[in-house]
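Okay, so chain A shows up in both of these, paired with chain B first and chain C after.
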Partner chain A sequence: MAHDTHIHVRTQSEFEYAKKKRADEMKGHLATFAIMIFLTLIAFTMVAAGFSTYLIVPIILLMAGIQVILQLYYFMHLSGKGHGMVAFFLFCGIFVAFITVLALVTIVWW
Partner chain B sequence: MSSIAQKKGFGATIWDFMTTVDHKKIAILYLISGGFFFLVGGIEAMLIRIQLAKAGNDFLSAGLYNEIITMHGTTMIFLASMPLLLAFMNAIMPLQIGARDVAFPFLNSLGFWLFFFGGIFLNLSWFMGGAPDAGWTNYASLALASEGHGIDFYTLGLTISGFGTLIAGINFLVTIINMRAPGMTYMRMPLFTWTTFVASALILLAFPPLTVGLFFMIFDRLFNSSFFVVEMGGNTIIWEHLFWIFGHPEVYILILPAFGIFSEIFAIFSRKRLFGYTALVFATILIGFYGFMVWAHHMFTVGLGPTANAVFALATMIIAVPTGIKIFNWLLTIWGGSISFTVPMIYAVAFIPSFVAGGVTGVMQAIAPLDYQLHDSYFIVAHFHYVIVGGVVLGILAGTHLYWPKMFGTMLSEKLGKWTFWFFFIGFHLTFFIQHFLGLMGMPRRVYTFGADQGWDLFNAISSAGAVFMAIGVIILLVNVVMTTIKNERVGNDPWGDGRTLEWAIPSPPPFYNFAQTPLVRGLDTFWIEKMDGNKKGMIFAEPLGDIHMPNNSIIPFVISLGMFIASFGALYFLDGDKPWALAVLIIGLLITFGSMLVRSLKDDLGFYITKEELLEDAKGGKTDGH
Partner chain C sequence: MDINQKYTPQSWPDHPETATMEGKNKFIGFWLLLAAETVTFATLFATYLALKDKGPSGMEFSAAGLFELPLVFAMTMILLTSSLTSVYAMYHMKNHNFKAMQAWLGITVLLGATFLGLEIYEFNHYLHLGFGFTNSAFSSAFYVLVGTHGAHVLFGLSWFIALMLRNAKRGLNMYNAPKFYLASLYWHFIDVVWVFIFTVVYLMGVIG
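After this line comes the complex of A and B, so read on.
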């Protein structure tokens, strides 16, 4: 029953494990943050440098895709335990939307 | 509220059903309203066949015929097949996974009432200036040119009932992911639960495109936007894409639960474990995926170009592979089994050749060049009736017989059931088999009559005669239901004697909390395993007997849906210009909806507890009917 709340006392080794895990996670956050800033810089630089649109658009879309995935996995904890189904449905939705947009773009508007 | 049963008056029963959040009662509501719309759609079908019984018939006018074919298709797909399948999903799926209810009982009720009011709204068009008349696919150029309010009834009604279906789908997904009993891993779930899961995922992904399409259509018709108006820079083909991006997964939403019901039936009445359980699960998921990659095969003749047609033709043919896997697994389940030909089993055995026939003509149409010949002919009509009637409707009829004892505690008569079967089955093939040849002879679909010199008289007459047989079959089923209800001979937990899954381990109908103690699942076919181990209780328990937390009944889902229903009339008449009251109706309707949502949000409803003592009392006295 919900009202029999169980209190768990952590041992020293459990505490240290959790601490190390958090430190690792923090490193991941910082690294991801740096990568994302870097990707954004590339995007802005490319536009400022005045490359051909046919080069800029696909590269920016690609980098946007990478950023979304980094965001989901490192900042929204999609890799965490119990998120398997969430990730599965997320990617199913993305897949269906992608197929739909791709088809409409290629056979209706191309 | 206590769990001690009381005799209730008629009004109290109605009130109970209007406020219920119990998945088993909502299932009964779905069954009754889906059954009602099935009869309405059936009457429309009979009118079509009367009109086409002879050449140059003037039983129906051309305009009325258009309205009837549109409403026949729309009613049968959205308001009959889907709710009837949702009825079985609601009634059986939570029992199969050992849950006490679905994840969101309140939303379950809301989903039903939205569907119900959407369906009523759509059908009220008959009495309020004419039904929609642009075909169930409602192609934009035709629909936008349609006079009167028929199409507006279609768009608004389907939007409301679509919300309901989407809510139901999400609810089932969350239920199956989160509420399985201990030990019920994904690969131990009964196949009906698996198909419910995949069908719900398809609902989740397929209904949004339909909603977008319907919104565009509503805006084009009511607010003069021009998404589909070619003269204004719109594109009429977009509707076809949006409709079929939804429409093709929709047919899998219908057929997968039917496959699930048949999988249960084959295992139960062959007294064998399903052959190739893993392959069946895999094939179900694969069909779900492929379902989203084939929609343009409905549009081969639109002129998408040879590349697009080739891609979609190939994708369509691939779908035959997982379907074939399923067919062979079912056959091998029967093979070597100890078969008993009960009514559900007869339906299941008859389903295989009927559905395969529909599948084969489907692969024929997947060949794009051939489809140019077959498109919009009676061959198409024959094909989709073979898969929908030969697959879905046979599945629903089989499920009705199989699960009737679990839902109502009485057995439908086997003898009358067999009469229903033979009339329906012979009638079905008589009606639709010959339509393949009418199609090959050039008879177009959706045309209200034909000439005496075209040589289609005899075949159409035969087809109409078959429809009469089907009608007789359905009438016998109704007689069966009435007689069974009057006789009221109660049955035990496992009336078929060979139940394999958890729903057969508990009373028929189950107590309103389903399981006094959550079961512990030790493998596929849980109940069968326990029976084979000589466990008299039918299951082992994962928890000691304790208090059970249950949700309170609520009228709010009904009121929310009623508000949407009222607001739809306001939206419908708003832009006529000469009806100043329409805006007021629209606002009042929305106020009711959002007001009741506000009440729901602000008022805490913490549910109630069934105490251990009451559960013990129930176990002794067998008083299990709740409230």
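After this line comes the complex of A and C, so read on.
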């Protein structure tokens, strides 16, 4: 049925290995979080420091892009096994999103 | 085998969210929704960017004069931290530790509610200044974009609370593990959208 799954009781060593692997992955997530905080701080500091607009805009957009990639690939496990189809969905979505933003900012004037 | 099959940490699968056909279907369907949501938010961002600081002549408010960074910075840190706490919740879900998962989800909900409270305070503050929804094309685009994100936060909070209450006495099983996993994916997506909101609306708004 829809909720059926094969039940596999792991041996103690298999269990310890899987547990350690998860703990290591969690440490990686903490490092990812530290990087995200750092990128956010750079973005806010640059604006607060009042650098030139032409310098700030590309850099803060780059910071946002990196932070989103970290969220998708680490926190949301987009690179994990069995994520091929969902990555395809998402990239189609991002492609349409990009075209939409490009179209509206270039054809709308006041 | 019924859905109330009890598991131990030893028999709990590595990927409980996709261990069943139901879980696999939910997983695919939910990512398709997230892809569609990306497009939804893109239309709102595009509208905002096209109409930023536009409106009737003599309009009083512009992005540079209105937004204040300290509040936005606090909101950003709170939402980013709540993203990490939901990662912790899923870590404990995969370890089959139901109580720890519920505790971390509780912290996530508290942080999310704080974020939402600050957003309501911010909107209320703008309304008192006279920056209303019908003020200008700029104000409408701003409230629709940021408000839609706020509505997503509210929905995410309700979803977490509903799951936590409904499954409080059940513990983790193959029936609810995919549900918890998807709610946490949704929460990360909300954070992804906020990253673009604080960058494109607030930071790029302040510098003019």
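One rule holds for everything that comes next: the second predicted complex is superposed on the first by the 94 of 110 C-alpha atoms of A that agree within 3 Å, B and C clash if a C-alpha of one lies under 4 Å from a C-alpha of the other, contacts with A are read in each partner's own complex, and residues count from 1 in each chain.
The rule is short, and it goes like this: a contact is a pair of C-beta atoms (placed from the backbone, for glycine too) under 8 Å apart; a residue touches a chain by one contact, two chains touch by 3 or more.
What you see is a predicted model, and the numbers here were worked out from it, not measured in a lab.
Applying the stated contact rule after C-alpha superposition, one finds that A:His29 touches chain C and leaves chain B untouched.
After overlaying the two complexes on the shared chain, residue contacts for A:Gln67 are found with chain C alone; chain B is out of touch. Contacts of A:Val96 after superposition on the shared chain: both chain B and chain C are touched. Between chain B and chain C, C contacts the larger number of chain A residues. In the overlay built on the shared chain, the residue A:Gly82 is in contact with chain C alone; chain B does not reach it. By the touch criterion defined above, A:Ser13 reaches neither chain B nor chain C.
Of the two partner chains, both chain B and chain C are touched by A:Leu104.
Of the two partner chains placed by the overlay, only chain C lies in contact with A:Phe44; chain B stays clear of it.
Taken together, the two structures place residues 1, 85, 89, 92-93, 96, 100, 103-104, 108 of chain A in contact with chain B in one case and with chain C in the other. Those residues of chain B lying in contact with chain A across their complex are 173, 177, 201, 204-205, 209, 235, 237-238, 241, 245, 292-293, 296, 304-305, 308, 546-547. Within the complex, the chain C residues that touch chain A are 1-3, 5, 7-11, 13-15, 18-22, 25, 27-28, 31-32, 34-39, 41-43, 45-47, 49-51, 54, 69, 73, 76-77, 80, 83-84, 87-88, 91, 94-95, 137, 174-175, 185, 188-189, 191-192, 195-196, 198-200, 203-204, 206-208. The touching residues of chain A, when paired with chain B in their complex, are 1, 85, 89, 92-93, 95-96, 99-100, 103-104, 106-108. Chain A meets chain C in the complex at residues 1-5, 7-10, 15, 18-19, 22, 25-26, 29-30, 33, 36-37, 40, 43-44, 47-48, 53, 56-57, 60-61, 63-64, 67-68, 71-72, 75-76, 82, 85-86, 89-90, 92-94, 96-98, 100-101, 103-105, 108, 110.
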